[in-house]
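Each of the next two complexes has chain A plus one other chain: chain B in the first, chain C in the second.
Entry: the complex of A and B
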């Protein structure tokens, strides 16, 4: 997304490579670069995660607040996304430079989470019509190495997986107002049900084919990319087996084109199929990693945070 | 078969350091006291405060007689005359091109220091000035030699030899300039059939071998070479070389033709090139390469 200068011959090389299903670093068109994930990195956030995909570095913090639900949807909570592009990521993000990109990603995330198949807002309801949880998801882009949307969506899902809402101990009715008493015990909290939370997959159209996880160089070779949001499979995120089959099925929750080009109908269909396959693989790998980390935390009582030291 | 997606946890992070048999120098962090003031001279990367010399960058100390310098690990390229560099043309200006070479200031390639098509040396006419964008345009990659260094540290380049000039198809890698080993020759045709230009500025150009025959003769022919498809096997070898260099860089090992070739040979045990993106495989390749380099040094 950031402007990168490439010579015409370098572009020819990349385009031919995609055609050949063999990219500059040996990956095929549906391979992702290795990722690194850590949750619970920000101690004062309700949930947080950090994801590093090659050179793309994303930090997500989740904060919760008690809010009043909208009158039209009294039984639903709220979720809001905010993206901030650090000027450390790219020089053009300085000042208000990254605003357009940030708003674009936030809108995409909002659209992907909008469906009730993707994220059930009913679980954020505390007292119908009166009070609900509002979740603020703050996404910080620390480094930009291509494929921001995918990395952001995965980091968000990991951060929501890590989020625990405190349980309500007592509610005092005082006329029309409700006074809530929340539990102080950090272990007396419930996790969010995020199994079906969507992941975004960017399919970058290079030549006639589409690739997932484009590097910054590959991104500058393509004029248009298709971003699809695909719901996850809850069975990857819990050890329990009682998941209904309808929830297991992946569905598209958003489809968006980014860029100035156009796509032929057949290419779009192929891209969506490829996106569905990639999203399933991503979702499974993410679930495995998160469960593995949870297990590790349970074994060791005091977890040592790795954070940014490398 | 490796899977398409791999997510590792921060706790499974691989430490890329490779043991060497040489003693590691002391590493100074910014603000750390290097030495007392008494008869030492303050060099680059140091500053004086409270009667002590302190490091202003993170790096290792170098001492020449009484002069104390701290050489940073990560820095911009500091050019020297005669260095081979790989750079990207940023701008076409009056009688010169601005070239990005990873140094603090953009370098300059004068119209008078390039070989124009047609061969023999001649005065640059006004037509040549108008044709500059035909010759090199924005975004083009070039290999060049440092002709002189201006007083502000910016470089003046020249491409007055057949081995320098515009680069066609290939992969550009950016590494720290401090990892490049200074050699007599920076143009290598590796035995695996790939040519590599290891620029002193930390830019490495990996290209298929035909590219070296590219002599500026007929303009049509050059255009042909530029859009030719590269064979699958060449592409695989290039990707493997690229991943090997990435593995060596992750372990902070010096790059020259020997270390790249050793790494390439060690990497052959991984059949699939993309397996080399895995941090464990990268460490393994770097470790085996270091082992072979140690063996060669002992002999």
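Entry: the complex of A and C
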């Protein structure tokens, strides 16, 4: 990662620590670092969130537009991800320096959200074959402290949770053109159904073992990590009891290897299983945090938000 | 996307005529039924677990005479040409890189895909394939042997009937070996498409398309590509997209590992044939040179005689 220099001895220290399930910051191999999450931080966006995972800082803004669905899929909306690596995070990102990393993350997100088990694009349909919502998810990386993929996926899910689409009051057909009338009441809006939206978990192979949530130092000790995208559990994101008691099984929506190394088949399988467990726990924790925040805003007990000044 | 105005691009809002054919409106179930007949045999006469390489593996190295190394792989209707060029200094780089780089570029021919015409400018899929190919090749090449240099690997997909990434990886492995780039192991790759409980080994384009389309019911679906270094028992790249549970992914991985294993002797055969061909060619050239020399010598003798006589 960005401009980080570690001596061979320091690397050995980290590798040996991981081997003994005790990392340099006191965590075990399956622990995450503390996170701060805040939603509704950007006033001009339809939904937004900011996530700080130790030194990693992600800001996500969601914008919605009305678009024409593709002829192949007339009943589906669209979702697109853009990642911007700000030069504030690292001087290397200046100009087109962060492009490769940004494209990589955006591609991972797109792949993770591709399946309807992960995110149902049908809910973005307004008028089949004519009009649909298009969601632009703009991800801004403000600071890099390792483990970008996980942080990005969580921030995106929080921002989508925060997104409200105005309800359509009427759609008038006028000579083949659609004339939409949207409600201008800010409270007359529907939330997106994002319970199943996937979270990405990075398993960083250090030595023979895999760790979750690697810090920038740990990332530099590893040549390969496995990123898995796992669907969420909708019951964690809803206060209603009856919602989907079926408790959908978590599924992999994407698996990819990041880095230049290779792994043994058994390590890969172990990493996948470990990622699945981590993703389930993470998803539950994220759901609780989001519901708590929503409740606090509803009853106005939420302490004043200071945005970036804290 | 920036358009190349020097080419004829066609109207922007044109759509393929196939949209208006009967095939287009077929439902998911109908399409699925078409893939398999009653006996569980696929459209092209293969069994579910039968890869195209097993019935006919058309591959050869040394395909492009101008390139340092090249290969051609044909899996029935998937046809891929690969060429590898000499190492050259990495352009526009100020820092010294200890490891050599592999630069990959995958390009689809404009007429290669059955569903739509490909644009001339590289699109997202081509870029994604290039990145995946580079990631797969990196662990197999001894990159420390050419520091600060890069090897260019160009893939041109003439026809795409599914599994083009694994065909590209196989071709690139052959071409790198043909170019005498030092490598750790033979790299082989295979793709599997999963729909429900059916596993289509080495899928065609239609099977791939259906595996990445969202089914009406939440069943496992997805596309997995695996590339292995068989002798080292390492996985150099693994990509999954879709929505699959743990069991299904693990099963697919096992199938893929076996398929990759099966490809190794075929690749070896091609490489040995290539080496034998090179030897034969050299021998023939040497013989020709000897003959020429002999002819020249006899001419010389004649002239000498003439001179002496004169």
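Please note the rule applied: the second predicted complex is superposed on the first by the 298 of 310 C-alpha atoms of A that agree within 3 Å, B and C clash if a C-alpha of one lies under 4 Å from a C-alpha of the other, contacts with A are read in each partner's own complex, and residues count from 1 in each chain.
Here is the rule we go by: contacts are C-beta pairs under 8 Å (C-beta built on N, C-alpha and C of every residue); 3 or more make two chains touch, one makes a residue touch a chain.
Predicted model only: the values in this text are computed from it and were never measured.
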Overlay on chain A: chain C relative to chain B, clash or fit: fit
Touching partner for A:278 - first (chain B), second (chain C), both, neither: first
Which superposed partner A:38 touches (first chain B, second chain C, both, neither): first
Chain B versus chain C as contact partner of A:20, first or second or both or neither: first
Cα-centre angle that chain B and chain C span when viewed from chain A, reported as a multiple of 10 degrees: 100
Which superposed partner A:7 touches (first chain B, second chain C, both, neither): first
Contacts of A:255 with chain B and chain C, given as first, second, both or neither: second
Which superposed partner A:90 touches (first chain B, second chain C, both, neither): neither
First, second, both or neither for A:288, with chain B first and chain C second: first
Distance of closest approach, chain C and chain B, by C-alpha atoms in Å: 12
Chain C-touching residues of chain A, taken from the complex the two chains share: 71-72, 103-104, 107, 111, 114-118, 226, 231, 248-265, 268-269, 272-273, 276
In the complex with chain A, residue positions of chain B that touch it: 3-11, 13, 88, 90, 138-141, 167-172, 226-227, 229-230, 232, 235-236, 238-240, 242-243, 246, 272-274, 276-279
Touching residues (chain side chain A, partner chain B) in the complex: 5-10, 12-13, 16-17, 20, 22-28, 30-38, 50, 278, 281-282, 284-286, 288-289, 292-293, 296, 306-307, 310
Chain A partner contacts - residues on chain C that touch it in the complex: 15, 19, 99, 124, 127-128, 131, 135, 138-139, 212, 214, 218, 220-222, 224, 229, 232-246, 249-250, 253, 257
